[in-house]
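The first chain written gets the first letter, and so on, giving A, B, C, D, E and F; residue counts start at 1 in each chain.
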Amino acid sequence: MIVETLTSPVILFFVLGFIAALIKSDLSIPEAFAKAMSIYLMAAIGLKGGIEVADSGFTPDLAAAAIAGLVLSFALPFLAFALLKSFGRLGQVDAGAVAAHYGSVSVVTFVTAKEILTASGLEPQGYMVAVLALMETPAIISGLLLARWGMTQTDRNGDGGGGLWHEVLANASVVLLVGSFIIGMIAGKEGFEAVRPLFDTGFRGVLCLFLLDMGLIAARRLTQSRKLTVRLAILAVALPIINGTIGTVTGSLIGLDVASAAALGVLTASASYIAVPAAMRLALPEADPGIYLSMSLGISFPFNIIFGISIFAALARALG
Amino acid sequence: MVSTVSAKRIEILCDTPLVPRIVGILRASGIKGWSVLHVESGGGRDGEWRQDEFTGAAAKTIVLAIAKADTAAAFTDALAPMLDSYGLLLIVGDVQVVRADRF
Amino acid sequence: MIVETLTSPVILFFVLGFIAALIKSDLSIPEAFAKAMSIYLMAAIGLKGGIEVADSGFTPDLAAAAIAGLVLSFALPFLAFALLKSFGRLGQVDAGAVAAHYGSVSVVTFVTAKEILTASGLEPQGYMVAVLALMETPAIISGLLLARWGMTQTDRNGDGGGGLWHEVLANASVVLLVGSFIIGMIAGKEGFEAVRPLFDTGFRGVLCLFLLDMGLIAARRLTQSRKLTVRLAILAVALPIINGTIGTVTGSLIGLDVASAAALGVLTASASYIAVPAAMRLALPEADPGIYLSMSLGISFPFNIIFGISIFAALARALG
Amino acid sequence: MVSTVSAKRIEILCDTPLVPRIVGILRASGIKGWSVLHVESGGGRDGEWRQDEFTGAAAKTIVLAIAKADTAAAFTDALAPMLDSYGLLLIVGDVQVVRADRF
Amino acid sequence: MIVETLTSPVILFFVLGFIAALIKSDLSIPEAFAKAMSIYLMAAIGLKGGIEVADSGFTPDLAAAAIAGLVLSFALPFLAFALLKSFGRLGQVDAGAVAAHYGSVSVVTFVTAKEILTASGLEPQGYMVAVLALMETPAIISGLLLARWGMTQTDRNGDGGGGLWHEVLANASVVLLVGSFIIGMIAGKEGFEAVRPLFDTGFRGVLCLFLLDMGLIAARRLTQSRKLTVRLAILAVALPIINGTIGTVTGSLIGLDVASAAALGVLTASASYIAVPAAMRLALPEADPGIYLSMSLGISFPFNIIFGISIFAALARALG
Amino acid sequence: MVSTVSAKRIEILCDTPLVPRIVGILRASGIKGWSVLHVESGGGRDGEWRQDEFTGAAAKTIVLAIAKADTAAAFTDALAPMLDSYGLLLIVGDVQVVRADRF
């Protein structure tokens, strides 16, 4: 399946962007266009998920997957934190911030996985979109707990109480994913017909252009970073493998189908690079963005896109 | 001739997610107006960056505020504790403005 | 029909945007993307209108609708002005500025109405797009006349003579609508085939995303406004109802089909929030944008989208 | 060493639709060059706003012009009548520039 | 064929933009959207070219066309330089800079030509996209040689050695065209199916909106320019005719099919307005951008779009 | 009270393709940080322009850098030869900054 992955236009555009940035080409995607594409992708994936759930109804599977997602997002930062402090040699605050990223999820990784899995006959259930939305935020809580553990109130200059919680719960991607999911559930298959041409048929093409941009960004992060040690680079590969394995196994154990178990694996393996960095900038200003963005965007994202998806698909197949 | 008065022109260069917090401090210091400018790219101790990273966390912004000398000083003091942990850049210049009652 | 309206994805995205802004989510659509979508929507609607007119030819209906549109756009501000001064307690200048908005039209309201009416079997004639373009500007003239009534030349600091007229007649939306309309007429059905996939099939999806943005903007206008009194809020609902009823009845009287009469009703009910505010900023700088934008964007736009379209459709059906 | 001369750095914060008018006054006052910067968001007496309102009427912009002291003063006087009705913000600072013949 | 060209929506949108700018309408396409569209167009055309080459394999034609393109791009600036200095009365530096533009190519002119030729039954070979990419840069070398001829090193303040060469070879459009071409070759027809809806069906519609913007830009260049003399305006028409004729004849002589010979003619006739101006700004800062952009964007681009394509198609037909 | 120090606020208005070169000179002169602002439109001796020309060659940009007086002077001298051929605009003002060790 890795060969299929590597000849899929979606991944090839990512590789093109990566190479373009490595040879320092001035190729760049306008910021507004990249944001527009991410809004489009989230609306599209939310809609499709909602429609599928409207079709299949609420099932025990759905509930099991949702609970598993919540628990994993909350719990995995603790393991990551321990590794980041010991093997990675990070301080408490930086370790907490990075751990939050690995507990949370990357929407684009999920979307790419959905495309690649579906293309190889493994279509995850629609409700995995809801699981995606649920997994965005719990990790932020555990990350902050870990970073602030044992600190007195006066040290916690950043927290900003309500401001942060509001930022986390009303953040753009959660609102858009959940909102489109609900719209999909209300509109159903019929209502969707009218908007299908834009949201369905254009989807993979937009994903190509978006991954072109992600390739540029990932490579620039990697080459411009001055904070990435060899140990951290190793963890940026190890954490996705560990978390993804835990996620896939959990998915199998709770009885998800092979495709959805693989998708849960990809979700746990993926690391946030939008919602969590913004929250950390507010709540843990002393944590160094150079570390968490380089690890998550520069290494884990490419790793997951190119290898992770195939690995967890194979694992889910073996287990299921 | 229009009569002008002296005022301070304050620029705070900060990470975009911090703008609401900066604005909160501006208001708490009695500064009534501000404007936000987009920064495209830049470089400093932490290397270079450019705005095309749609992950908002790396984006930077300039908050521009015109204020009377005393409120400007109050603001500078209020901002002081954040200067280091948030890596802000604070720039204050002297300017002349009209319609002094606005500030 | 209100139920259908409320379960249409197009409207649901508007509601999502509205709610997102109310809960102060940081969701936002990049400015450049919103402008791009409005350019796309205007080009698409202009093209389609032109093609239909090329198909059906110039008919007496078309002429009647055009004249009715022009007269209504010019005349309705006088009524609005009287209500805004008396009931709304606005000064002369503000009342004139607001009246101009309600005489002019909103392209997005029209586009949404066309979608919703068509979905319920009421497709307005292609020439209504030309009527839309014609109705954009006459109201600006009446609004300025009203605002400046009885003033000496020296008071009129803003007018700027030629500058304003040029701004009004060569304004982007008029040029784009009329231009695409003519292109549609020249290219005809065949010429359109080549570009149909973008302009036709993508249309409703883009409208969804655009209305998501309009929902955000409307709610922000509403909550951030400090100028909206209860009386003005009442007028921002009453004026669409009054104007829309006049428009629908006029449409029926001059013999338009049910769908086109409803569309004329929606046009008269709708209030401008692009062309007119820009003209007012130049010509009536003393008028307060906080008032006219809050009324038109914050209240009348959502009212028309969610209720107005169904009301005028029902009225047109009853009359026709 | 390059020789520099003193000049005025003028910023006018205004509604975007007004830019052509401001530029007209700049030119009439003998100022030959200007640059326009985009303002993303801001706040003042009328509450907060942000640029994502694609209805151009609410958008704000900074017109930046460098001028000699005398032309700058002429401009300030010419702009004065518009300051209140258009709600402009006029900010003038002292700067050094090279290539004085340009201004 | 000129009549067909003039009633094609693609060209009509260009004319609309041109007229809108002439009547000083405030219509404008957001910069980010225009850049996004040019990225889309280049990715789409690269992909399609690659897929066709994957289908047909490397042929002797392909090699002949590639070599011809390289040689023409390198050689034509010498002729242009002579005309620009003698008839055009430009100085050495400006003449060199302008000559580089006419040796290089315009992607949008090529794309438009491909659409119009295909619509009239003349589809150029897929490998012409590779020729397009090859022709972007050699002219920059000849232009610089000509501009710097006989100068001592101290006069050459701009060159900046490596910086320029890197800029030229890793420039965005070359990387994107070549990259998508290779992706198209790897993915092949099957891999393309998944992304066809966006890249194929949306293509012509996007081209319409892009040419709307090009019309605005071309007319603004033309009316705002203070540097364009009558002699230069004549050359801005003559150079495309001369170069295009040379290109079409060459294409026929080396045995290309009629459509590909016409496409080679259009490529040689077209003048760069993205890659070359940026390179000249760096390497020949004393050259006046007002001259080269007005000629290339303001005159030659519209000429090629509206007349040139038909002329070289007719010529290729006559020769073939 | 926070202690502030004097510094120079340098703005270079230049064509966008030149930014890397300007940044190179900034660094060579010992200036460690800079920020790039987007210019939307403008006018000067060469007529008016606006940024919507996606052909990057016509786009303009402001490079903003805060520096100590001596490094600022070194930069001005290093930039001098480019001022005319590249048509740059160089503007230097006096400002107060905090955290002086950064500059």
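Following the convention adopted for this analysis, a residue touches a chain if its C-beta (ideal position, glycine included) is under 8 Å from a C-beta of that chain, and two chains touch if they have at least 3 such contacts.
Note that the structure is predicted; figures quoted are calculated from it, not measured.
S.K.: For chain B, which other chain has the most distant CA centre?
M.R.: Farthest chain from chain B, going by C-alpha centroids: E.
S.K.: So, comparing C-alpha centroids, which chain is the farthest one from chain D?
M.R.: Checked the centroid distances; the maximum from chain D is A.
S.K.: Can you check how far apart chain B and chain E are, centre to centre, with Cα atoms defining each centre and the answer in Å?
M.R.: The answer is 44 Å.
S.K.: Quick check: how many Å separate the C-alpha centres of chain A and chain F?
M.R.: So the centroids are 38 Å from each other.
S.K.: Listing for chain E: what residues touch at least two other chains?
M.R.: Within chain E, the residues that touch at least two other chains are 28-33, 35-36, 197, 201-202.
S.K.: Could you check chain F for residues that touch two or more other chains and list them?
M.R.: Chain F, residues with two or more chain partners: 37-38, 93-94.
S.K.: Pairs of chains that touch, anyone?
M.R.: Chain-chain contacts present: A-B, A-C, A-E, B-D, B-F, C-D, C-E, D-F, E-F.
S.K.: What part of chain E is in contact with chain F in the complex they form?
M.R.: Against chain F, the touching part of chain E is residues 28-31, 34-35, 38, 157-158, 160, 163, 213, 216-217, 220-221, 224-226, 273-274, 277-278, 280-282, 285-286, 289-290, 293, 297.
S.K.: What residues on chain B touch chain A, complex-wise?
M.R.: These residues of chain B touch chain A: 15, 17-18, 20-21, 46-58, 81-82, 85-87.
S.K.: Spell out the part of chain C that touches chain E in their complex, as residue ranges.
M.R.: 30-33, 35-36, 39-40, 43, 47, 166-167, 170-172, 175-176, 179-180, 182-183, 186-187, 191-192, 194-199, 201-202
S.K.: Mind listing the chain C positions that touch chain A in their complex?
M.R.: So the residues of chain C in touch with chain A come to 7-10, 12-13, 16, 19-20, 23-33, 36, 119, 197, 201-202, 204-206, 208-209, 212.
S.K.: Under the stated contact criterion, what part of chain F meets chain D in this complex?
M.R.: 13, 37-45, 60, 62, 73, 76-77, 80, 83-84, 89-94
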